[in-house]
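Order of writing sets the chain letters: A, B, C and D. Residues in each chain are counted from 1.
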Amino acid sequence: MALKTPEEFIQSIADLDLEIYLFGEKVDDYVDHPVIRPSLNCIAMTYELARQPEYEDLMLATSHLTGTKVNRFTHVHQSTEDLVKKVKMQRLLGQKTGSCFQRCVGMDAINALWSVTHDTDQAKGTDYHERFKKYVLFLQENDLVADGAMTDPKGDRGKSPSQQADPDMYLHVVEKRDDGIVVRGAKAHQTGSCNSHEIMVMPTIAMRPGDEDYAVSFSTPSNAKGISYIYGRQSCDTRKLEGNELDVGNSRFGGHEALMVFDDVFVPWDRVYMCGEIEFSGSLVERFGGYHRQSYGGCKVGVGDVLIGAASLAAEYNGAARASHVKDKIIEMTHLNETLFACGVACSAEGHQTAAGNYEIDMLLANVCKQNVTRFPYEIARLAEDLAGGLMVTMPSAQDLAGEKTGPLVEKYLVGVGDTPVIDRMRVLRLIENLTLGTAAVGYRTESMHGAGSPQAQRIMIARQSNLDHKKELARELARVGKPWEKAKVKVPTVVSAG
Amino acid sequence: MALKTPEEFIQSIADLDLEIYLFGEKVDDYVDHPVIRPSLNCIAMTYELARQPEYEDLMLATSHLTGTKVNRFTHVHQSTEDLVKKVKMQRLLGQKTGSCFQRCVGMDAINALWSVTHDTDQAKGTDYHERFKKYVLFLQENDLVADGAMTDPKGDRGKSPSQQADPDMYLHVVEKRDDGIVVRGAKAHQTGSCNSHEIMVMPTIAMRPGDEDYAVSFSTPSNAKGISYIYGRQSCDTRKLEGNELDVGNSRFGGHEALMVFDDVFVPWDRVYMCGEIEFSGSLVERFGGYHRQSYGGCKVGVGDVLIGAASLAAEYNGAARASHVKDKIIEMTHLNETLFACGVACSAEGHQTAAGNYEIDMLLANVCKQNVTRFPYEIARLAEDLAGGLMVTMPSAQDLAGEKTGPLVEKYLVGVGDTPVIDRMRVLRLIENLTLGTAAVGYRTESMHGAGSPQAQRIMIARQSNLDHKKELARELARVGKPWEKAKVKVPTVVSAG
Amino acid sequence: MALKTPEEFIQSIADLDLEIYLFGEKVDDYVDHPVIRPSLNCIAMTYELARQPEYEDLMLATSHLTGTKVNRFTHVHQSTEDLVKKVKMQRLLGQKTGSCFQRCVGMDAINALWSVTHDTDQAKGTDYHERFKKYVLFLQENDLVADGAMTDPKGDRGKSPSQQADPDMYLHVVEKRDDGIVVRGAKAHQTGSCNSHEIMVMPTIAMRPGDEDYAVSFSTPSNAKGISYIYGRQSCDTRKLEGNELDVGNSRFGGHEALMVFDDVFVPWDRVYMCGEIEFSGSLVERFGGYHRQSYGGCKVGVGDVLIGAASLAAEYNGAARASHVKDKIIEMTHLNETLFACGVACSAEGHQTAAGNYEIDMLLANVCKQNVTRFPYEIARLAEDLAGGLMVTMPSAQDLAGEKTGPLVEKYLVGVGDTPVIDRMRVLRLIENLTLGTAAVGYRTESMHGAGSPQAQRIMIARQSNLDHKKELARELARVGKPWEKAKVKVPTVVSAG
Amino acid sequence: MALKTPEEFIQSIADLDLEIYLFGEKVDDYVDHPVIRPSLNCIAMTYELARQPEYEDLMLATSHLTGTKVNRFTHVHQSTEDLVKKVKMQRLLGQKTGSCFQRCVGMDAINALWSVTHDTDQAKGTDYHERFKKYVLFLQENDLVADGAMTDPKGDRGKSPSQQADPDMYLHVVEKRDDGIVVRGAKAHQTGSCNSHEIMVMPTIAMRPGDEDYAVSFSTPSNAKGISYIYGRQSCDTRKLEGNELDVGNSRFGGHEALMVFDDVFVPWDRVYMCGEIEFSGSLVERFGGYHRQSYGGCKVGVGDVLIGAASLAAEYNGAARASHVKDKIIEMTHLNETLFACGVACSAEGHQTAAGNYEIDMLLANVCKQNVTRFPYEIARLAEDLAGGLMVTMPSAQDLAGEKTGPLVEKYLVGVGDTPVIDRMRVLRLIENLTLGTAAVGYRTESMHGAGSPQAQRIMIARQSNLDHKKELARELARVGKPWEKAKVKVPTVVSAG
């Protein structure tokens, strides 16, 4: 095994010759396309930091399959310490990219499939776990990016997969052959899919009898015949076409989601990990969801660190940094951000070993973590916009700064405190815009809301995991419910004089 | 006097031949420029609705100067009823445009200058009020759009205007001549300035001795020699260049802010309303701020109505509208939105007549109104993003929908409930994106935060207006502070048996 | 007609010889009982302020029945100005008593019954309105306190009145006689009932066919044969028995609720205002609820003023008043309190005339008002507890201050800033305790939550009043839903060099 | 060493013959006094659970001094696992007592003094650590309760200890003798002090030159000559005198605070751990505060569990448990409560070893934990009051339930769903009242606010620990601040047709 260099990673993605559509047209040179490249740079960072000694402890892990060091993104968690390091690695990468760096989905899918294939085999006598173990070995040995694909388009949400007018609204098996299966459908909102070597497909809901064809999980090369990608449109995406790092805010890094279409894709049996076992689809969804809800207690915190830093700089640049309300707002942002981190750490530290041997987060706390993630980044963003000031959205463009007539005016009137260069003040404001309204807001806001399951999904899990009966028993015990009541001992409150 | 038609308004703006820069280049055909036109359409709506009998009661008012009907945006408020109608007119326009419609700034400047010029004359023996009365008559008779320009670039916020390294950081008088004054400087974040016939300039802070040259207020045609505009860059602005109403979200309407530069502009004396009277600059800022903080209790509520409606549609289209949590979130959005409206109405209904005869809002409640506006639209937006789902930010582009290969895939996989056309589902999601991340987010979020003064400005005013001494007196009275204490009457609590 | 003096009011209540039980025993001298008297003092304040010229404008109104001045609490609102003055009167009384002053319930019942009796007569040919008019005249001419009694015990909330195991879980008609009706049941949580001359009974929910006997509304003297009261227990109630104004916090004023039992009470027909007209029970509940939800935008704001004042004093006394976080918390309390007031004013100013001629609040805004009241007083209380410091709940008792050994120690160690007497510091902290944990917390917290309907009741009304269809139409119009889409005009975003 | 039984513990406290004042009088039989006993029962529970095998893992720890099992409350933490178990033990005890169980203060003082004495010795050549080690051994071997006493009365907060008008406003050394020191002053808000065998005294702020006499830390038997206690008054405390478990809500358990007075108390040198080393007083405050802020992520969560359970029961008893808004509120309470737990766990799991060998929590996360504790219990309490309904505060008393006439009426009209006995419904409502307004609200609300430092104290620590410079550096790196800007590459956005 050899860890890839960032350059090797990018070349390997280029070599896949994926079928990616952007703005309605097929993109051939996608690794060099200005809209797409920042997203690749994010994943390249997961390779780059893995090569730096100072980050080795977080970025690498010792494979329990081979005993060699692997990138943690391909690791099967062997301890709660591994779970905590995962969260810290994610915070680090959020700090370094200010973006969604996309490689977590696969890591979380690996760990969910690890235990679900084991449980399925135990119950059904299948051999999915052995197949999956080989696949993980393959990922580790080649240091690959494997996407986890779960969310189907869903059509009418009031109907089950098999009840949909169009049977392809949920990805399903259309043919079982001796050598494998053929699948059709799509996966929506696929974070990082166009930067991945491999795709691990999972069902998106607990399936019921009649939906067996939809209870399917497998992996496939991302460039398998029949797979195409429609690149999602993001706020301010075309600023990256303007040759203009300034207005992009964060010019080198970004994330993406795509609609991934499976048009009768063939999958050989040794890459199939579920095929009809409807009773295990729910577990797979829950466990993947659980790991991914943990993830957000790391990655979004790292991005939050960047936003807090940028808001502080913005306040400094206009001379307001010492105002007590400014300092208090930065404290509040920090407090909220660290609360998210605490949740990420706690659900990790409270993890437990599964029957399959790997470690799983505490499910209740992981859902609590994500539920907070659906709220606090919005408030952190609101406070950042408060500190940034209105200039963030009324500021002239980079073209104005470069313009013959307008350039000097922008230089003159956007001056801040001391000798801060106007270009730097603009850069920091554009970074805040990027995170709160621009391309990165997709990751910092909407993904915080809907990634790893929408808020209501966590509330359902919290209710399920909360052991309310135990709490009621505690209350009954203290209130002495059901105990006899000694009416005769009741005295009437009156007061006698002290004198 | 004749009320203008929308078409006449647009032609009149075209005729001004303003010096507007966009993306570093001067725009000649600005009224037809795809980035700029939606902003003009908003103001045109203030003319259009004024001609519709069903809205006449809100849109028109009877001028106290002429007794004839004028557009309410040029009216001097004559009663608390006028103040309430102003707020309702603003809600209506927010509903019709889903944008900042920009004409309020001038209305609020008119009403602030009306009383401040009067007070200045009383104290200083000047004749500003008479001049200003003539100017208002001119605006009413020609049904003009007059922008109010207050915010200076400010440079180092720790320093006063005259202490700045560059004296132009605050707009100031550079020459006093027999026939008028010459001014230099800039006004930032100028909402609607490129759509205005006239500009009313006001100082941005309370001035102190030494800053007399900065205590200047005047009006000028927007195309006066020496005035130029640098059009502010907005999130997703260039989508309007794609010929593509779909991805714009709200293709017909929008707002804008510009950096307005005054390069030695001449103003004749009959258009000067303050010149050196530093002791009245604070009042002018407070009163304009007060009126404008009231305004937000109308306009943002109207935009909120659109966002609530759009979020409801999005939930309907994917079949989730009947879920109890969805219904509850819509109730919460409505509750927050109507709380803002209540504040807008209350500060109007509790208004009072000024010494100059016009009506002013209740200052405490107007500041409370705006303070809520710095919070609730963000929460309404968060809930809208919750209901919209992740598709809002991962959705393929209009170009994909139009693409030969991609079009059918988008049509197939973005299907929602029943027979909702995919294009309509996409349109509604793009409208939500527009309001929460796109061009309209500038108005609905950041302007809610910083327009009419940043949050801390309202907190200072709330503290100043809260009459804390009276509240302390109430507490002292009830707690009997300072009264003698009858120690001898104290009894020890014990209890005697009832039996 | 003559307005009563406070003393006449108290004597008149004493003369009623009500059957009141407190701590399981009948109380004979209830107007002088230390637990009960503060509650009477609150209502007495409604008589006292009505006699003070400075409050006349708020406290008195001109009866539309007689043209004479009556206490506003017995008035039928004749204008939106009346509605606004009602709210201001309530704020004033909250300020003067720091308590629930209880007389509002009847005022709100009068105005709800005024229009419902009219509507019933129009639909059913009954003569309830004429009867009720005579009753109001009687109340006004004798300046009486009339309680409004709505909430039934309800038993199993999953069952309708007639389905309950015990038919008395909702108050109902047990006999119709030639001269009147006989009723049985109870009304729970009856604010101020033991201080009232008269009781107006109303049903508590919209009734359905089969529940005719429960659709009953009438008035009765509070001392009618068969009526008894069980006085509700409040937090810290027995401190009032300790002869010790200090630990009570607010020694002169308080509120109360009682369980009112109707044990076969006879009501003559001329005091019956609904008897079987199930289709009007829902309107009566909604309108009474609406008026009472408005009320909370006044009374709770007045109590909030006291709490803000007390918290400010507490901070002053320990030398922390100038800390920026202390000032900011007082601003936040003020902001929240004034937001409630704004809602109270707005639903009043936006009121409308009913078919019966009196004025009704805006139903949507009144429900929004109350919904905020279920939240903000809790946050105001939390901030007050922050400013008060832990001493509020760890402080020695009045008995300790009076104690021979302990007194000097308390005097020594509870010293605050400057020469503030220790007794005054303790008084203010006990007042805050009273409002946040003690007897007044019943009114300021729990009543804010559940009075005039629990939070969910307002949410249902907000949903019903929000006109969501209109909002969806606004969104459709702006998003151009259903319009043809000009696919051909879509252009691909690329960028050409400026050069 | 032998672990004490609960009975032995209570007897040992009785044997101390402490000088406790309650309601101004000295209490001789304090362990049997109905107001005081519930507080002793709480600490007795820390002995009782330690004897139950199922809780042994949490309640006991292996002393690093002796290698034997000791009650964890006397343990010096040896690992992050110890820190996590501490939090879980606290949650358990909160669940079992529904109260503040008081013994944590000493545990946190032990661990803070452990490392501070070590650091002082290193810097100053003193031998405090060895003395303190012997003291801990003494506590462990005798299984004692040692209180930690920090908060001084403080007088005027704008002045330092030595500047106060009365030098005793901060506890200080009045005499240094060969055999020890004599101290005078007081400690306020002393949780559990009247139930403790020993008191560990610490300074309350960082001391500066001139305040050497105030930089003093020592331990003393709680019954040393010159120490007296004035028992703090709590909301509803005298209900415990009514012989009436019902209205108390939680009749067996409670907490207390006292004002502890030191009137020239002698302390031998071997019990002195700081005496004039002003530069270490700040560390001691911070470390004790840090441990104690961690504690609240356990104990308050346990009490929250009880409140959630009680609110669920209340909703069940009145037939509302299946309403979606009720279920959602219970989810929200759970979510908030578990967020606190996550913070408690995280600051523990992220702990580190000190130079003295014991383990310390992560300071930033511990402060974040406590800051959330100043907010969420208030919201949990608000939601509990929502679910409880108004009956919680309008309910007749236990005396009414026992009354001849009133008893049957209460039994009849307070009936809930099915066959829930009325007494049980009342018990659960009184438990909620106890936690939100009554004696336990002192622990669940005010102590959550002010215990272990008021909210602003945590904010200062969060600011200090947040490493804002690192965050700013992250932002600068991504925004490319200071990098050259390639103006020439800027292109103007235009769009060419796809056709």
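One rule holds in what follows: a contact is a pair of C-beta atoms (placed from the backbone, for glycine too) under 8 Å apart; a residue touches a chain by one contact, two chains touch by 3 or more.
Small disclaimer: the values here were computed from a predicted structure and weren't measured.
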Identity of the chain that, by mean CA position, is farthest from chain A: C
Chain pair repeating A-B, as identified from A-C, B-C or C-D when over half of the contact pairs by residue number coincide: C-D
Between chain B and chain D, centroid-to-centroid distance (C-alpha), Å: 48
Chain C and chain D, separation of their C-alpha mean positions in angstrom: 37
Two or more partner chains touched - positions in chain A: 23-25, 238-239, 241-243, 325, 328, 399, 401-402, 459, 490-495, 497-498
In the complex with chain D, residue positions of chain B that touch it: 23-25, 238, 241-243, 324-325, 328, 399, 402, 490, 492-495, 497-498
Contact footprint of chain C on chain D as seen in their complex: 21-26, 151, 153-159, 165-166, 168-169, 186, 188-189, 228, 230-236, 238-239, 247, 257-259, 261, 318-320, 323, 325, 374-375, 378-379, 382, 385-386, 389-397, 399-407, 409-410, 412-418, 433, 437-438, 441-442, 445-447, 449-451, 454-456, 459, 488, 490-499
In the complex with chain A, residue positions of chain D that touch it: 24, 84, 95-98, 238-239, 241-246, 249-253, 305-310, 312-313, 327-328, 330-331, 334-335, 338-339, 341-343, 345-350, 364-365, 368-369, 371-372, 398-399, 401-402, 423-424, 427-428, 430-431, 459, 462-463, 466, 468, 470-476, 478-482, 485-493, 498
